[in-house]
Amino acid sequence: MSIQHYVLTLRCADAPGIIHAVSGALLSIEGNVLEQAQYTNERTGMFAMRTRFESESTDIEALRAHVEQATASFDPIITLRNEDDRHRVMIMVSQYDHCLVDLLYRQANGEIPMDVPVIVSNHEVCRPIAEQYGIPFRYIPVEKGAKEQAEDELRAVMAEFDVDAVVLARYMQILSNELCGELEGKAINIHHSFLPGFKGARPYHQAYDRGVKLIGATAHFVTGDLDEGPIIEQDVERVQHHHTAEELAQIGSDIERLVLARAVKLFAEDRVLLDGHRTVVFA
Amino acid sequence: MSIQHYVLTLRCADAPGIIHAVSGALLSIEGNVLEQAQYTNERTGMFAMRTRFESESTDIEALRAHVEQATASFDPIITLRNEDDRHRVMIMVSQYDHCLVDLLYRQANGEIPMDVPVIVSNHEVCRPIAEQYGIPFRYIPVEKGAKEQAEDELRAVMAEFDVDAVVLARYMQILSNELCGELEGKAINIHHSFLPGFKGARPYHQAYDRGVKLIGATAHFVTGDLDEGPIIEQDVERVQHHHTAEELAQIGSDIERLVLARAVKLFAEDRVLLDGHRTVVFA
Amino acid sequence: MSIQHYVLTLRCADAPGIIHAVSGALLSIEGNVLEQAQYTNERTGMFAMRTRFESESTDIEALRAHVEQATASFDPIITLRNEDDRHRVMIMVSQYDHCLVDLLYRQANGEIPMDVPVIVSNHEVCRPIAEQYGIPFRYIPVEKGAKEQAEDELRAVMAEFDVDAVVLARYMQILSNELCGELEGKAINIHHSFLPGFKGARPYHQAYDRGVKLIGATAHFVTGDLDEGPIIEQDVERVQHHHTAEELAQIGSDIERLVLARAVKLFAEDRVLLDGHRTVVFA
Amino acid sequence: MSIQHYVLTLRCADAPGIIHAVSGALLSIEGNVLEQAQYTNERTGMFAMRTRFESESTDIEALRAHVEQATASFDPIITLRNEDDRHRVMIMVSQYDHCLVDLLYRQANGEIPMDVPVIVSNHEVCRPIAEQYGIPFRYIPVEKGAKEQAEDELRAVMAEFDVDAVVLARYMQILSNELCGELEGKAINIHHSFLPGFKGARPYHQAYDRGVKLIGATAHFVTGDLDEGPIIEQDVERVQHHHTAEELAQIGSDIERLVLARAVKLFAEDRVLLDGHRTVVFA
């Protein structure tokens, strides 16, 4: 019988005994902890935990019931996933393809453990990339005043392909508050600036005008409050006075794809837990 | 006769022949170029140049006249300095002493070629540090509604010690527009955030609340428009979800002092030239 | 009754039930876990764990007995420390003072939670720095052929001041194999290169000759095998073709002090555990 | 008549008047300097310069003659290139494709101004990538004891496609001293470690065993002395104790492709000049 690998995450109000309860539950099912991380936010009293363990059991529902029972008094929010059941991630893109290309390359070589069942775009230009990887490509243009209809199409595609997460890989349309709400904690965006600096449009031109010495990118969860969602990952690169706004954009595209790739990988491995407007990242 | 080292900077509207005119002037006085950098801002048409050269001449006024004559048709703004005539920099500080301590250490060991004839503070706590280095310390408190009087005292101190530049090393009072105007291009501030993110007060608490994954610091020229002066240098450090706002401040203090030290060194070596709201940094 | 904070570390061969045993022991003494990290080296089978917890008990020996009893079957190596009982760290230095100055500054402002009961040097130049901080300074020169005698003096100083750890803050003498053995896991050195590049003397000159584009520093535990001890922390800084070896050394000194300060802080908080020639760092 | 852009590089023994001679030559042909950088190695006395200028002339041979005549007394090594005449770069690869994919992507989107007329490999696996970009792919296996023959094939391919530079994008065969000599200053290799650490095979496994906290990559010119050629660019990424050697390799592959891409771009823009075993990089 082969060994199964599971990832458990758990969030609840802090109280003594949580770790003991979880470790007891895992021990009783002969689970062996491979990796465990825990964090208590002393300001909010939130306890967060991620445990990766191995077990001979293939009955994930029995495992889940076991853990739920052992921790019931803490009333936690629990996720439990067999690592073989990968997240099904829909990638959305507009015209800039560097993030899409990078994610597909990393997915294909096994670096990011996820499935990409479908790619959606409001433009046709990235279709050949999808075809090259043999991934269905759905063109959903967003006509002026018809965002609602386009989003219904999106929802239908998500249902059709059983998608459980979305990555906006330089997708340039703003999602409605309603859709953002539905996707809470499940949709990741890459913003091409070091937030909270340079929110909004044309951030590299803003950065040029401001004369910054470093430019950056930010991967964050999507919320209705544009450019304000919980940050997952950020990074920067040094620039100089002689770089034009266009060169900043080119330098920035390297940071964008790296930052987005790291964020998606962290998400795909269930290492990112929401803590209000912030994230806990068990890297 | 010993060799003298000079630093020349020159800014003007771009036109063919500037470099040739300068190199000709230097050649005619048997100056030998050791280091030269040049930049043309193609958007604004500004030409900027910095040349470090050696010469046997000790007559700086003759050298200056020579260069001015050779470049007169370009109507440039010129600075020329014998490297032995170091900038006289007044350091201003409030209660946080880490930037002050760092600057004095680097000044004393020769890393930053400047003189520090006087230290000014609106608090008494840093007096022992000044005394340890044998530098006059002037306590100029800023009473409510009496900023004008305090700034007059500042001006008097600057005159008394023949100061030609000011470094605000975590000085927490806001200078008046008038004083900022007088100090244009001569006063450097360290802001404890990665501008333009987290302008204003308590930036580390803002950063904590926003859940950023990197924190930073920004050294910039002081202008009347608070936190908006031309940026000289920036850097960041990675932080994690478990860091409190206080820990961010502690981590940040390392970046602050490094960034400020780099900016002051660049300034002290005449490597920073203003280009509107931006800086040209010939590092 | 005030709350006490404790740090527990534990290393043993991996086996199911360790975390559960520890969390049970802490629970039974009404300890509340604030921070916990765990790592299993799947190649060597070593399990390592660090737990920071709070408890109303002030009886550390009773706590230790409790944990030892609960984990006896795993035969672990355990350390347990009340955070108020800080490590007593002797700093050794030769002539370059930047690391010493930096450590004392950080110790004094509370950033590094350790005591520095004594400073030892084979030169007199750093005595004023020690005096400024009111720390005893012992001058122990190392005469040619008399290293053994000097090291006996060192041992006597360590005993006199009840020292339990040593930091070599640019101490330029090589310790004997015997002394290295006695200090295993308790002595930290800063090497002014990015090991394993540029072992040995004059690493910045080696770096210059090799034309590297980044220079670095390495903090590591001292072992008899020079420059080969387990690495605790490293960092680098970008350099350019025009930097001389002397400038590399100056740029490098910033990295040295940052890297050493981080390593000492990690050590002072019991975050560094040995794993053969490698370290586990629960940052 | 359209404006032409030229890049001139010049190396010679330092002497007064070089800059003036060059600027005079450019002025006399109505060239306008857009970007100029200069460096004198005070240890070796080598003067190096790169000038990017615009001119209405399309007669590059006349321009070259003009510059050569004006600088003849300095006996310089000169290169002059119209930016539209891009370097013709042959990429060589074995089985790891991440650097190849990255270079082709950047070439295609205009980030790296070069032509890639042919791709050569000692394996077949990368053929589809070449086909996707419509670039001829030549399979040249290297049989044991038949390296000489394989290298003759290489030379023939280089001649056939009029190649003037070579990039080894994780090409795992060692070139003969003879071929290295022929390619001096024209062939760039990416080594998957932060040289001079971890020379030789399996550097990530070496890095794991040594327990380093940062891993890196190095792009360097190829020489007969393996892993010892002049370094063009390096960078690093932070790693932790829990990363396996395989994970180090995966993290490292991001650094490899970034470092190689930067080095190739610098080379393609004639920004890298040899200075003995070191490089001058006018970034």
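Residue numbering begins at 1 within each chain, and the chains themselves are lettered A, B, C and D in the order written.
Keep this in mind: contacts are C-beta pairs under 8 Å (C-beta built on N, C-alpha and C of every residue); 3 or more make two chains touch, one makes a residue touch a chain.
Everything numeric in this text was worked out from a predicted model, so none of it was measured.
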| item | value |
| --- | --- |
| Same vs different contact residues, subunit B with subunit C, by half of numbers used | same |
| Chain of greatest Cα-centre distance to subunit C | D |
| For subunit B paired with subunit C, centre-to-centre distance based on mean C-alpha positions, whole Å | 37 |
| Between subunit A and subunit B, centroid-to-centroid distance (C-alpha), Å | 42 |
| Where subunit A touches two or more other chains at once, by residue number | 35, 39, 42, 242 |
| Residues on subunit B engaged by subunit D in the complex (per definition of touch) | 16-17, 19-20, 23-24, 26-27, 30-40, 42, 238 |
| Contact footprint of subunit C on subunit B as seen in their complex | 35, 98, 101, 105, 109, 111, 132, 242, 250, 254, 258 |
| Residue ranges of subunit D in contact with subunit C within the complex | 39, 42-43, 194-198, 209-214, 216, 230-236, 240-242, 244, 275, 277-281, 283 |
